[in-house]
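The structures come next, written out as structure tokens.
Paired with chain B in one complex and with chain C in the other, chain A is shared by the two complexes that follow.
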Partner chain A sequence: MATERREVVEAGGRSGRLWLAPIALLYLIALIAPISFFLVMSVFRYSALELWVPTVTGENFARLLGDAYHRAIIVRTLKIALLTTIGCLALGYPLAWYLARTASAWRGLLMFLVIAPLMTGVIVRTYGWIVLLGSEGTINTILRGLGLVDRPLKILHTELAVLIALVHILLPYMVFPLFAALAGQDPDLERAAHTLGAGRARTFLEVTLPLSRPGILMGSALVFTLTAGAVVTPALMGGKDVRMLGQTIYELTMSTLNWPLASAVAFVLVLCQFAILLVYFRSGRRRAA
Partner chain B sequence: MAKTILELQGVVKRYGATLGVGPVDVDVREGEFLTLLGPSGCGKTTTLHVVAGLLFPDQGRVVLGARDITRLDPQNRDMGLVFQNYALFPHKTVFDNVAFGLRMRRTPRAEIAGRVRRVLDMVGLPGVEARLPGQLSGGQRQRVALARALVIEPTVLLLDEPLSNLDAVLRKRMRLDLRELQQHLGIATIFVTHDQDEAFEISDRVVLLNRGRVEQVGTPEELYDDPATRFAAEFIGETNLIEGVVAAAAGAIVTVDTSVGARYEAFAPGRSLRGGDPVYVMIRPERIDLVPERPAGGVAMPATVSKRVFAGDVITFELRTEHGLLLRCSKPSVAEYRALAPGAPVWAVVRDCRALPRDGDGEA
Partner chain C sequence: MPRDVRVATTAVERRAPVVAAVPGTGRTGRLALGAAVTAIYVFLLAPVAIIVFSSFNPTEANTFPPTGLSLRWYAKFFESAGFVAAFRFSLWLALVAAVAATAIGFLTAYGLVRCWRRGPGVVQSLAMLPMMVPHLLISISLLLALMVVPVPELAALIVGHVLICLPFAIACIVASLEGIDAQLELAALTLGASRLRALWEVVIPLVAPGFLSALLFTFMVSFGDVYIALFLSGPGRTTLPIEIFAYMQWESTPVVAAITTVQILLIIGLGLVIERLVGLRNIMRV
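Let's look at the complex of A and B:
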């Protein structure tokens, strides 16, 4: 399989690569240039008067990694990204499996329901969760109405609230790679496992699960990087209590106007995301070899 | 006659409202090579999946030995199935693929290693244990799939068109290898194919399926010489069919009047045809002699060669008789027949023919 794919790419040859020029240009302007910009900025000195002075210094990184406040934000970001990934995987795998295997007439509708959240904005969906989870929100009203709690539970502005909203918002990014990996499996493989003596559970563990690994890795890489860089959802759901790296960069850039420190934070964030992608590609390559 | 070890009794499988197969009755005897033959969509693979337990029938029973296994899960059936596309696990090495069935049976590790090696030797593929299926050729994959099915020592070996993805030369060789291996192991085998040559070359008996039903069961000779229906006659080999009506019946010999002048003495064993029954007279192309002069007896028709197709060892002629009947006739590629060109006058002598019932439902 892998060799076939390589041949197709090679057949595209030079003229095939030419088609990549527009996207290469876009990446240069929208990705490489800004990253280079803040890479440089992150080692400049902050100045309250001139914003920055072009003197090379390590003080931004020293401050970021040195004080407990910023360290906590980094740890929290990684923790929430990891938990969101696990949450999406736990909810998304059964859903993707069902979508890939069902012959039901409802499949089309279910696929639509998975995509539907992508059609409304992140902000709209986040406000939806605020309405549900707030202290005067639907869930607290019901809990109090039933007499299960005396005072409203604090759900909004907790890590749990951020987690719930992120899992909901990012679920499609997990479901679709998983669906593609599962739907692409030859159904005869599971049949072969059955005839050789494997029950449903063994067949899943020995055949279905390992073969869906590319989907698991792809979905996890997407969800993890998107969570780690999320700004709006953590800001609205977590408020001031649950700070993550995204908001921190936003505030340092827009309100505090400490661009060198903002750049250093951005650098750490991008580093985390690249680390995840690296793990993804390395494990993908190991499988192909 | 060998004992029956597997039996399908009145098996019916529906897909929604549409009928997949059935009712189908098939029996497999000990050590037998049985082929399910038929055009695509005739229900051969469905039938095989019912045997393997991958599909449960809507009606009927599957009996293995004396045991009803109709509702038994596939993992408890001990049947080795080789898939058309082999269905090797792409993420497991050849060793792990072959060892899979043994691991599921909790065979001790040391024993697994030995059995995997022996079965790979047996299928003629030693030394590939560490490779992944993607690194093997089509023929090698086919052998690994066979090894994986055989290593569990199945009670019945099921083969779903296992040769159809191989090129012509390899297919012929694998066919013979497969037959030899099957006879060596003495394992009852059900083989599915749409290729009549393959079925005939390899099988003890053939089950001819059409539109989910059994059209005929018999040895290759029985199916070729004495097809039970028009479908059977046309699906297997080349044939000439002439519509007629039984004029007189005397035991297995019937006299048939046809619309094209001639009166045939046809053989119809076990058919109990009676005067007035509509029938086909079936004449195989190689059972027609071509002679230059009117022969003394038998059914002979003056005809003209209208077409001649040279295929190396055989020449196929299309003859037009004076009554306008078209007959296909095949002759060995020797001087006397090579000389016959289109337009040449000949006498066509029907050496033997069969009568088979014509009910109007035999349309292929």
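Let's look at the complex of A and C:
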């Protein structure tokens, strides 16, 4: 393994850094610098005339955390992000397990079907859920046809609708890392557990599940951050009733033009994300040790 | 690390399938799993299927089951100047972003796989950065940068799309590069080829499937994007998803279903090509 690696490296020469220069430059100029600048804006003073005044102030954060309206949005966003992560995990785990273990001839197609919705874009899938869940939609038509309800259920424009659509949209992001973690396991480990007398449930709980932990953490981190930053899905599925951080940022920059406050909201978002990533890397290190 | 994963994956395939081989995985267990997996697939595909159905619906409302069969919403789509212009702009933008992201992605993937002494690991995670950051944040920051640095907005839109496409391009090409034997390059170099010639005549033809899948994948990512375009599109630069989003805020006739059906067909076609070329399994690993 070690020698093989050296040969591979020699085949490419010793110019590793040079090959990575374009992407490093691009990320630095177009990703890291702008995002840093945007986040620094959270301590600037808001001005209706100049948009922002570069003097350090804590008033944006004070306004954000002090007022009940914004606090409710933060709490709701965290709640929906958490529930979406749990939902994706509950649906994604059996799916990833099945895809990693099956010998079905349809495996390629089944994998394609998991990725296909990802490729159609957020708008397409959100629109599908609007058609399904609307008051004239498929679910309500079926329920009324069966005589289960006499008035259409209000599903659209509720937190539940946002949750369903987000789980659907983000499921592939959970399945990728889980699949990688599950397919990478040595099947002999499960067999060994069986030979040693462990039942199916115990083998799963003590061998398969702990070994797939990196996948679980990675997928959860991805889904949580992507939910927390969602704009379009909450706007279309939740309407005016279900506001989340993403929409707040969008409106603050595009209509209210209060960049410093928008930046403070984004800062809260990034902080949550860092907390999640910290958990991810710390547990990864503990596993290595 | 990915190398080990690959070895293990092939091991799973070569041996008898674990589901059958593990003693004690009984019939009921398999049936329950099968039912659960089927239900999950129904959940995944129902919204997409419903769009295709309702696009042939002759009435205004999104009723189900459809009361007849008609192509009127497709006709409406192709008659609408706004939607057609947005569709064409989206195609153009996706093409530009895909080519640029694939080119930069190849350089990065080659550097990661062949030239990074300690193996890809952490650096590859860094290369995946745009996937970890909410896209909302990327695009809003680019918009802010535009206010400070005088760059045309179109350039910012393209850069934003290249950024969100890059992780996918890198994943495709890394998967493809890891599958080819480094000895072939060594041989070319030993026989006196320059590094550039070895790259051009040995490496690039061998990773051609990876290139093509990267192109198609990034094309789809760019075509489906809303977040970057949400902040950076403007008059004459509206992408199709943004045009649909704007339309949907006011009304929702099946014309949206017709447009998205066209889009779904396009994407399924491209996806099947990728599956044939490299297999989506290799991309899912990352």
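Here is the rule we go by: the second predicted complex is superposed on the first by the 273 of 289 C-alpha atoms of A that agree within 3 Å, B and C clash if a C-alpha of one lies under 4 Å from a C-alpha of the other, contacts with A are read in each partner's own complex, and residues count from 1 in each chain.
Quick note on the criterion: a residue touches a chain if its C-beta (ideal position, glycine included) is under 8 Å from a C-beta of that chain, and two chains touch if they have at least 3 such contacts.
Predicted, not measured: the structure shown is a model, and the values here were computed from it.
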item	value
Chain B versus chain C as contact partner of A:Ala161, first or second or both or neither	neither
First (chain B), second (chain C), both or neither touched by A:Met41	second
First (chain B), second (chain C), both or neither touched by A:Ala192	first
Touching partner for A:Leu91 - first (chain B), second (chain C), both, neither	second
Touching partner for A:Ile73 - first (chain B), second (chain C), both, neither	neither
More chain A residues in contact - chain B or chain C	C
Partner chain in contact with A:Val207 - chain B first, chain C second, else both or neither	first
Common interface residues of chain A - those touching chain B in one complex and chain C in the other	1, 186, 191, 194, 199
Chain A to chain C touching residues, read off their complex	1, 5, 7-20, 22-23, 26-27, 30-31, 33-35, 37-38, 41, 51, 91, 94-95, 97-98, 100-103, 107-117, 119-125, 127-132, 134, 136-138, 141-142, 168, 171, 175-176, 179-180, 183-187, 190-191, 194, 199-200, 203, 221-222, 225-226, 228-232, 235-236, 246, 249-250, 253-254, 259, 262, 266, 269-270, 273, 277
Interfacial residue positions of chain C with respect to chain A in the complex	3-5, 8-9, 11-12, 15-26, 29, 33, 36-37, 40-41, 43-48, 50-51, 54, 61-65, 104, 107-108, 110-117, 119, 123, 127, 129-138, 140-145, 147-148, 159-160, 162-163, 166, 182-183, 185-186, 189, 195, 217, 220-221, 223-227, 230-231, 241, 244-245, 248-249, 252, 256-257, 260, 263-264, 267-268, 270-272, 275, 279-281, 283-286
Chain B residues touching chain A - in the complex, by the definition given at the top	52-54, 73-77, 79-81, 83, 85, 87-91, 100-101, 104-105, 134, 148-149, 152
Contact set on chain A toward chain B in their complex	1-3, 186, 188-189, 191-199, 202, 206-207, 210-211, 287
